[in-house]
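One structure, as structure tokens, below. Some questions next.
Chains: A, B, C and D, in written order; residue numbering restarts at 1 for each.
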Amino acid sequence: MKRSSRDIVHEIIFEADTPSGKLFDLLLIACIVLSILTVMLDSVQSLSAQYGDALYVLEWVFTILFTIEYFLRLWCVRKPFAYAGSFYGIVDLLSILPSYLSIIIAGSHYLLVIRALRMLRLFRVLKLAQYITEASALSDAMHASKRKIFVFLYCIVVLVVILGSLMYIVEAGGGGFTSIPKSIYWAIVTLTTVGYGDISPQTPLGQILASLIMIIGYAIIAVPTGIVTAEMTKSAISKSDISTQACPDCGRGGHSPKADYCMYCGSKMHI
Amino acid sequence: MKRSSRDIVHEIIFEADTPSGKLFDLLLIACIVLSILTVMLDSVQSLSAQYGDALYVLEWVFTILFTIEYFLRLWCVRKPFAYAGSFYGIVDLLSILPSYLSIIIAGSHYLLVIRALRMLRLFRVLKLAQYITEASALSDAMHASKRKIFVFLYCIVVLVVILGSLMYIVEAGGGGFTSIPKSIYWAIVTLTTVGYGDISPQTPLGQILASLIMIIGYAIIAVPTGIVTAEMTKSAISKSDISTQACPDCGRGGHSPKADYCMYCGSKMHI
Amino acid sequence: MKRSSRDIVHEIIFEADTPSGKLFDLLLIACIVLSILTVMLDSVQSLSAQYGDALYVLEWVFTILFTIEYFLRLWCVRKPFAYAGSFYGIVDLLSILPSYLSIIIAGSHYLLVIRALRMLRLFRVLKLAQYITEASALSDAMHASKRKIFVFLYCIVVLVVILGSLMYIVEAGGGGFTSIPKSIYWAIVTLTTVGYGDISPQTPLGQILASLIMIIGYAIIAVPTGIVTAEMTKSAISKSDISTQACPDCGRGGHSPKADYCMYCGSKMHI
Amino acid sequence: MKRSSRDIVHEIIFEADTPSGKLFDLLLIACIVLSILTVMLDSVQSLSAQYGDALYVLEWVFTILFTIEYFLRLWCVRKPFAYAGSFYGIVDLLSILPSYLSIIIAGSHYLLVIRALRMLRLFRVLKLAQYITEASALSDAMHASKRKIFVFLYCIVVLVVILGSLMYIVEAGGGGFTSIPKSIYWAIVTLTTVGYGDISPQTPLGQILASLIMIIGYAIIAVPTGIVTAEMTKSAISKSDISTQACPDCGRGGHSPKADYCMYCGSKMHI
């Protein structure tokens, strides 16, 4: 059976387990890394002053390459709207838009770093099913404990609002505690044990209250750890393989190796 | 059977699983969030100077609304004293008092942020029994390891008192170590890995001692984590559902979905 | 059988589960807390200038009380040397020595805070066997993972020596990296995620290396947690009760409730 | 059977469970610690000015001792290239090279701290097989979760690139956010909860974003902990003893006590 050029392009761009598909993905990731480096270096004033023009040209070269790639993806996929609406489809579009936007709004081209999200494709390239399994084991554990983490974070928010306001009253605007929002910001910095030190209590009562907040933070850091560890131990027992193949129609991955039809759009997987 | 107006008000205010009860709770949480934002913004000087009057009026509007709500709760519950003495009853009262207090003592209205505690009602509104289960799983794990955490915190207190005093002797008042209480404050800041940097050892001996404290802190952060994780794994095995309905008599929640009578006051649950 | 005055004094001072013994221990802990507060407040210059004389008298009152108590303990115990050589015997002696030492060497009385170690007696007073069990569960888990923690800390020391020196070479004495010991101190501050900010890398290469150290520190904080959690889960399964009674001969505790003879000195437990 | 001098030297230098071998290893570690201290003290300017000459001589004494030791190792091992290419062989060579290099390039002798890696030999000296088992249990748990940790760190890198760039756009170069690489450095400092405070957000929007990053960092610190804890619990079940004896041919250790032949080079273990 002779394959159409669309099928060949699809195999190169979307598959990660054929030689040409793997090569394409590796080249793509190299381009993404280089384009991110270009944006980064452009933000360093000393480099921007010297090599600004070269970096500007490079940035547009990558943007044009990614634009061509985006339209090729739309063309070769059977259901372009399904791809365009998927997570990777949106990321791929957002990765080229800021360049065109920067013609109108200066400085917006720094948003190009959103391309970093495209680097997550690496897991598909690594081919080894285990990496995908590990990644999905991690995200499964995160997903399973989603509700517990929401409850935890909500309680943290209530806690920092009350503690931050108390500190504002206690410190009476001194030591950087100039408003309640700023005091809440300090409470978050302290509770998460980050501790910048740009705001720090100066009065004895404030330092006692701060000590209390730190010890509370020290104790409750155990909670998210406990949540995730429990889930991870569970998921470690029942591991399942996931195929590296993406659907030829909608371009979404994460299917079982036994899957005959895409679990998102219902089209046949192996042509 | 015709229901009295008290029963209807009770259903609206106390129930979370009837349409009207859910709507009321959502509106209430919106009001709480807005009233907290009002207090917060009022503490920012630049905003207070410009919109101070409007914020002052808003604050009183919310206070009057919450006052009406508080008296309605007292009126429609069959045992008002049981409600007034419960956790939520006290929080509800504390949420309105600071406004009236601010007439006498200026600045006390910042205490209104205690209203943030009322935001914990959200878990009842979310209707999904799982959120309650998660919250109670978290608090169960905390409760079960209460004694272990007390022993741990007590040892931490003994440790920071000794280490802080040693640092005061070693640094001899330099680098911010001006008194033993301040040195103990520093020891807590260091042991919990917060590390503001407002006080930091300057002498070589002090830095060696500080390094020791940090490594100890790094090692013992494992203890609360170990405690909670062990409990969480246990409690993850024996999960039980909890109803979102509150008792019509005493207003307390946390009942089993099969409960016919309140487990706190013994009155009939479903009228 | 008539009991001698020594036996009565022994019961009051050493037992924690008779009414008189419990009262004595509670009074003792109150005195310890007050005496520590005295030393602390004496170190605050503003308070020392005003109430220096009163604090000085109070300190000596507590020292004399503790000296009397120490000699009573030696007198009523059947084997005074066993007590004097035990952990609590040494702590009890160290709790009174600094006062007498301060007559010769000024400032040494701050060492009195070592009295804080005597506060650990609280666990015996709490009477509830569970607290002792929890404390011993914690120390058992620590003890069991002692070797693993030693291996871990040794590797950390090797790591910070190498990383600290590398930063000294990279930063070439800038940004506070004035010597290798100071750079090692910085590496510990960073690896333990304390992060004072008194020393921080200024060169791009130094910041890249620092980022690496932080991410390493973030990853290996999991190791002590993993060690202790694993032990704690194990020890949670096999809990055993421990008596609150101390040996009448050598004064050491931690015996099984079934113990008839002291496991340290072999003398009869229940007289 | 009479043993050759090469066999005797081999036993002294490579074995850790004969009296002479143990003594040699202890002396060696003492020399390593002293030589590292020499390099460290030499980097402290005040000490270097006063004792510079003595430290310089000491440094060369240790270097010559280690050079002799290195050539003795090469001579007495049956397969010198296998030793020279092993981990310890390379470390042993790197431990002497910087001294000779410092004749040509000034300042390179600070690289001598790489000798710290030789301190890892301590685990072989400790003789107790358990220490080796603990070390290998730790490294096994690390090894087993290698892929999960790679996936985790890769996601962290993607996250800090995006968050750092966002902060650069939000803060617009203020508060130390002068370029995207520096903002990414700040994002790492914050996400790992180190928090130096040399760079910290100044605008309200920046502080909100920073709060978000901190809470994210607080939540995901649970991930590596969960990974390692799960592995550690697994590996704690299946412990196996490991001998302290090194192979007389290739010098590599980590063998089972029942091993008759080296598992790396196949030569007889017990001569």
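Keep in mind that, in the parts below, a contact is a pair of C-beta atoms (placed from the backbone, for glycine too) under 8 Å apart; a residue touches a chain by one contact, two chains touch by 3 or more.
Note that the structure is predicted; figures quoted are calculated from it, not measured.
Q: Which chains are in contact with both subunit B and subunit D?
A: Shared contacts of subunit B and subunit D: A, C.
Q: Going by C-alpha centroids, which chain is farthest from subunit A? Tell me that one.
A: Result for max centroid distance from subunit A is chain C.
Q: Under the over-half criterion for shared residue numbers, do copies subunit A and subunit B use the same patch or different patches to meet?
A: Different; most numbers are used by only one of subunit A and subunit B.
Q: Comparing the two chain pairs, does C-D have more C-beta contacts than A-C, or is it the other way round?
A: Contact tally favours C-D.
Q: Averaged over CA atoms, how far is the centre of subunit C from the centre of subunit D? Could you give it in whole Å?
A: Whole-Å distance between the two chain centres: 31.
Q: With centres defined as the mean C-alpha position, give me the subunit A-subunit C separation in Å.
A: So the centroids are 45 Å from each other.
Q: Spell out, as numbers or ranges, the residues of subunit D touching 2 or more other chains.
A: 152, 181, 193-197, 221, 225-227, 229, 233
Q: For a test of understanding, state which residues of subunit D touch subunit A in their complex under the given definition.
A: Residue list for subunit D touching subunit A: 147-148, 150-152, 154-155, 157-158, 161-162, 165, 168-169, 178-181, 184, 190, 193-197, 200, 204, 207-208, 210-211, 214-215, 217-219, 221-223, 225-227, 229-230, 233-234.
Q: Write out the stretch or stretches of subunit A touching subunit D in their complex.
A: Checking each residue of subunit A against subunit D gives 36, 39-40, 43-45, 107, 110-111, 113-114, 116-117, 119-120, 122-123, 130-131, 134-135, 137-138, 141-142, 149, 152-153, 156, 181-182, 185, 188-189, 191-198, 221, 224-229, 231-233, 236.
Q: What does subunit B use to touch subunit D in their complex?
A: That would be residues 193-197, 225, 229 of subunit B.
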